[in-house]
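Next up, some structures in structure tokens.
The same chain A turns up in both complexes below, where it pairs with chain B and then with chain C.
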Partner chain A sequence: MERVAIIGMGQTQHAAQRTEVNFPELVYEAVSLALKDAGIGIDGIDNVITTCNDFWDGRTISSMATGDVSGARGKNVSAVEGDGAFGAFYGLTRILSGAYGTTLVTAYSKGSESVPYLITNAAFDPIYMRSLGLDMVTSCALQARRYMKRYGISEEECALVAVKNRGNALANPNAHQGMRITVEDVMRSRRIADPLKLYDISPVSDGAGCIILAREDRAKKIPHRPVWVKGVSFCADAYLLGDRELSECRALEKAAQAAYKMAGIQDPRKEIDVAEISEAFTYQELLWTEGLGFCEKGGGKKLIASGATAKNGDIPVNPSGGLMGAHPVIAAGLIRILEAARQVRGDAGDMQVKKQVQLALAHGVNGVCGQSHCVWVLGRD
Partner chain B sequence: MGKRVAIVGTGQTHHRSIRRDVNGQELIHEAAVRALKDAELTIDDIGGVVIGNMDHFEGINYVDCWSIDGSGGYLKPTIKLTTGGTTGATLAVAGYHMVASGMFEKLLVIGWEKNSESDTTGAIITCTDPIIERQFVAGAISGLALEAQAYMHRYGATPRDAARVSVRDRRHACNNPHAQLRGEITIEDVLNSPRLADPLRLLDMCPRSDGACAVVFASEDVAEKICPTPAWVLATANRHMFSDYTDVVEMSSLLSMVEASKELWQKLGIREPLKEVDVIELYQPYSWAGLIWIEDMGLCKKGEGPKLLWDGVTDMGGELPINPSGGVVATNPIGATGLIRCAEIALQIQGKAGARQVSDVKLGVATGFGGNWWTDMLAFGKKKPN
Partner chain C sequence: MEDFWSNVQPIVYEGRIKVPYSWQAGETASYFLTQLRDQGKIWGKHCPRCTKVLLPPRKSCPFCFVDTDKWVEVSDEGVVETFTLVREGTPLQPLKAPFAYAVILLDGASTGFVHVLSEVEPDEIKEGMRIKAVFAEKRKGSLLDIAYFKPVHS
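Presenting the complex of A and B:
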């Protein structure tokens, strides 16, 4: 594979509500920061990929609103619908194809203008399932139950994720849900869909992210260390919840294995230095760390309890606070890539993990209950 | 450098105004199975799935995830793209780049729409800014009527000229077993059909269809083993140049087509597209586009489109046949429409287009139109590129 690097990145201040900007303005904010970070102007961008979702935006052809602000005027451009990590994948292939030297990728969500229940209910079969009231939260509650029952995981053990990530988010200037809480606080928070309580659930945020990818020869003229793409893959599981074993994440396992193979990783637990993953719910961080091969199946609870995934553990997970700190839905995976890349560059500020980061992992999700996963491995060399 | 990429198999459903016999996933499945059969592959040979439609037509979110049972994307990389009317062409452009990247050897690309389950204008209207534009931009037809008005005003073309385009495409559609509207019409039929938005009449416009199209893209490593005559992707170019309707400063030309075609011809080394291109499948949602946009892509000077039509240059047997399939005024399952243009060009290059075959096709061009006056273009060739 030809070498491609992340040479620029920018993200907005994420918030529960950004009333002072509309969503194109939100994207423009991230794009401007990314160009500044890369030390180039929009003329240095060969092509553009926007990531959006018509349901979350309440607009059809939602990419219409964000092309111009992503600098697509006069350039080849396309739009991926779904999580930003998938958008970035297409952006990467456009460079690997030999067609372009640089790709600018954007993703955003303005959750404050959305009705998450209706939007995620629309992911379900309209005849048989929508009327059951299933949405992202209720279906994930089912998945949490199945996973917890199978491996004997308690609500308190899941709550550790909320405590860790919301605590980590305090060090993240772009996050808006940083807080110092205890397992008891999580247990006492309002029950939304059993076993999920308010603090088990990530917020829905307003925010945008942007990364600039570049071919090796174009990555050398930047003011800081390029972050190399070492491996990337994605994979989708079956659609119907009943067709899947919800206590496992086969699609994530497959995507991770393919990304590791590309990156030459044999033992992810030892070789990956830090991971930024999409944990919309606390139980998901435990489950996803299993899918990523950081521990055995059912071992996620032990991994977090051991402190290994804490900021200064041997495999820190979500030092940025992850989705618990800020969750601009469609941008979530792109922002994970961005945060992982900052760790590799060593400029993650107060979020920076102690050990030198050679390899960092980023992860995005599409669909409900983690039906489709995208895994990126980024490296220093 | 990237791999060279070709289309090695295509499949289309039978397109109808309402397909009551299938749901969306079954519609997708019908096209996917036909494409695999055409390429003599099974789903196990496929490395990933690229799929697209316009969400608000069916009201289903996360279609990449929902469509797995129909697309065959189970435990495979599956990704969704959507760009409005251009979606189908956008999917083909993605299929090309993803295979060229070396990340996939064989990729299944699927465009689909079940328009009968939607309120087309109601869904399209929400593409515009909710505060500033939604009150006065009313779906697809009125915007196209503005373009026709501006073109008429500037170049003196008449509704009769535009009717000639519909007559051509509906005649061509009689040769296409997949087409929805098969039945010849006359100039007078068009001019006497109900007026929708002045100067557009019913028979100037595309229908809306239920349908799907699937295409297998393969890399140079395997393309010639799969298919005796792969349709090689020679170049792609696109422009999605405006965000708001009020940004569209020039209505008598499709500026995105002007820019994208300029880039495409430059990449191909083409100076005289009318002479050098053998066949075009134009995403032409209404008759007038068959005049205006062929000028914008440089087949003739501005204002000379009608002459090209009346001289029969773009008819079957003419110098540069346009829409041998009958095009979009005969069939329009929106998310599939641009991909059908690519599949039809591939069939022309492979010599598998049956009664709609144009003789000796070496170079064909497919286009997509959508969004806010956007254009996607792809060129396919019989000869493997250098």
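Presenting the complex of A and C:
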């Protein structure tokens, strides 16, 4: 693969509600920060990808609404519906096509402006599923139980993810759910849909992110070290929940293996220095670390209990606090890429892991119960 | 958001998007739903390649990417594969919380069928529990023509 780097990145302050900006203004904040970070003006951007979802925005062709604030006027702009990690994938392939030297990728959500269960219920097939009233939380509760039952995982073991990530988020100035909590606090939080309790569930946030990708010859004159894309892949599973084995994440396994092959990684546990992954629910961090090959199937609970995924463990997972700290839905995966890239650059501030980061992993999810996964491996050289 | 609002009054625009849709179920789902409504029967569709009986029935197999062929009647009884007890409900749900959702493997089907459980004590619900469909009295050709599944007490 031709070498492509992340040369600029920006994210907003994420919050339960950002009342002082509308959603294009939120995107403008992230885009302005990314251009400043790259040390270029909007004229240095060859094309634009926006990532959005019309239902969350309450506006059709919502990508067009954020064109102006992404500097897309007079340029080729296209959109990805779904998660920002997938938007970034499209942005990358546009550079690899040879047509563009740089791509600016944005993703955003103002989750505060609508009703999450109405929106996620509409993700289900209207003929066969939607009338059941399932939403993201209740469907993921079905998956959580399936996975926990199969591998004998307790609610307390899942709660460790909430404790770790909400604790990590205290060091993240962009997050809004940093908290020092205990397993008992998680266990005592309101039961929503067993086995999921309030603290097992990530918040829904307002926020936006932006990255600028560049071909190698355009990645030279920037004020800091470029972060190179070493490997990337995505893979989807079947649509209907009943067609999938919910205790596994075969799509993630496949995406990870393809990304590792591209990056020349043999042993992800040893070679990857830090990971930023999309854990909308606590059980998902355990399940996704298995899918990523950081441990064997069913071993996610041991991995976190051993402290390996803590900020100063041997494979830190979500030192930014992940989605538990802030979950601007559509932007979540793009912000994982951005936080992983900051770790590679060594400028993650108080979130920076102790060891020197040669390779960082970022992961985005699209669809219900992890139907589709996008895996990025980023590196220093 | 502290001092943003010292000089300006916030305006909030309330949207009430309501767009009618008429989703055609298509031939395959229409057969399934009319059989559910008129006969109280549950039909899956067979894949000639992997031999799975797909429930709900599909025109093509999601595993093999080939046309499905035969209709196969499946039982109105099966087992709970996984479930969740919903404690905090939403107005979209067909039952009032607490109630359970389950992925159900009906006898004769190869894929999981998602539905709701009722007439059951929360503590009683277990993986592997045998359950049976209870049909709605008034049926309209919808998934909710099965009102819920309840335990089979032997």
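By our rule, the second predicted complex is superposed on the first by the 381 of 381 C-alpha atoms of A that agree within 3 Å, B and C clash if a C-alpha of one lies under 4 Å from a C-alpha of the other, contacts with A are read in each partner's own complex, and residues count from 1 in each chain.
Keep in mind that, in the parts below, a contact is a pair of C-beta atoms (placed from the backbone, for glycine too) under 8 Å apart; a residue touches a chain by one contact, two chains touch by 3 or more.
Here the structure is a predicted model, which means the values were calculated and not measured.
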Contacts of A:Met64 with chain B and chain C, given as first, second, both or neither: first
Chain A residues touched - chain C or chain B, whichever exceeds: B
Touching partner for A:Glu20 - first (chain B), second (chain C), both, neither: second
Chain B versus chain C as contact partner of A:Ala99, first or second or both or neither: first
Which superposed partner A:Ile40 touches (first chain B, second chain C, both, neither): neither
First (chain B), second (chain C), both or neither touched by A:Arg250: first
Which superposed partner A:Ile192 touches (first chain B, second chain C, both, neither): second
Partner chain(s) touched by A:Tyr239 [first = chain B, second = chain C, both, neither]: both
Contacts of A:Val77 with chain B and chain C, given as first, second, both or neither: first
Touching partner for A:Ala85 - first (chain B), second (chain C), both, neither: neither
Intersection of the chain A residues that touch chain B with those that touch chain C: 58, 126, 238-240
Residue ranges of chain A in contact with chain B within the complex: 1, 24, 53-55, 58-61, 63-69, 72-82, 86, 89-90, 92-99, 119-120, 122-123, 125-126, 233-240, 250-251, 254-255, 366-368, 371-372
Residues on chain A engaged by chain C in the complex (per definition of touch): 18-20, 58, 117-118, 121, 126-129, 131-135, 138-139, 141-146, 149, 190-196, 238-243, 246
Chain A-touching residues of chain C, taken from the complex the two chains share: 1, 4-5, 10, 15, 17, 21, 23, 25-26, 29, 33, 54-56, 62-63, 81-88, 90, 92-94, 101-103, 111-116, 127, 142-144
Residues of chain B that touch chain A when the two form their complex: 1-3, 52, 54-56, 59-69, 73-84, 90, 93-94, 96-98, 100-103, 123-130, 236-243, 247, 259, 263, 370-372
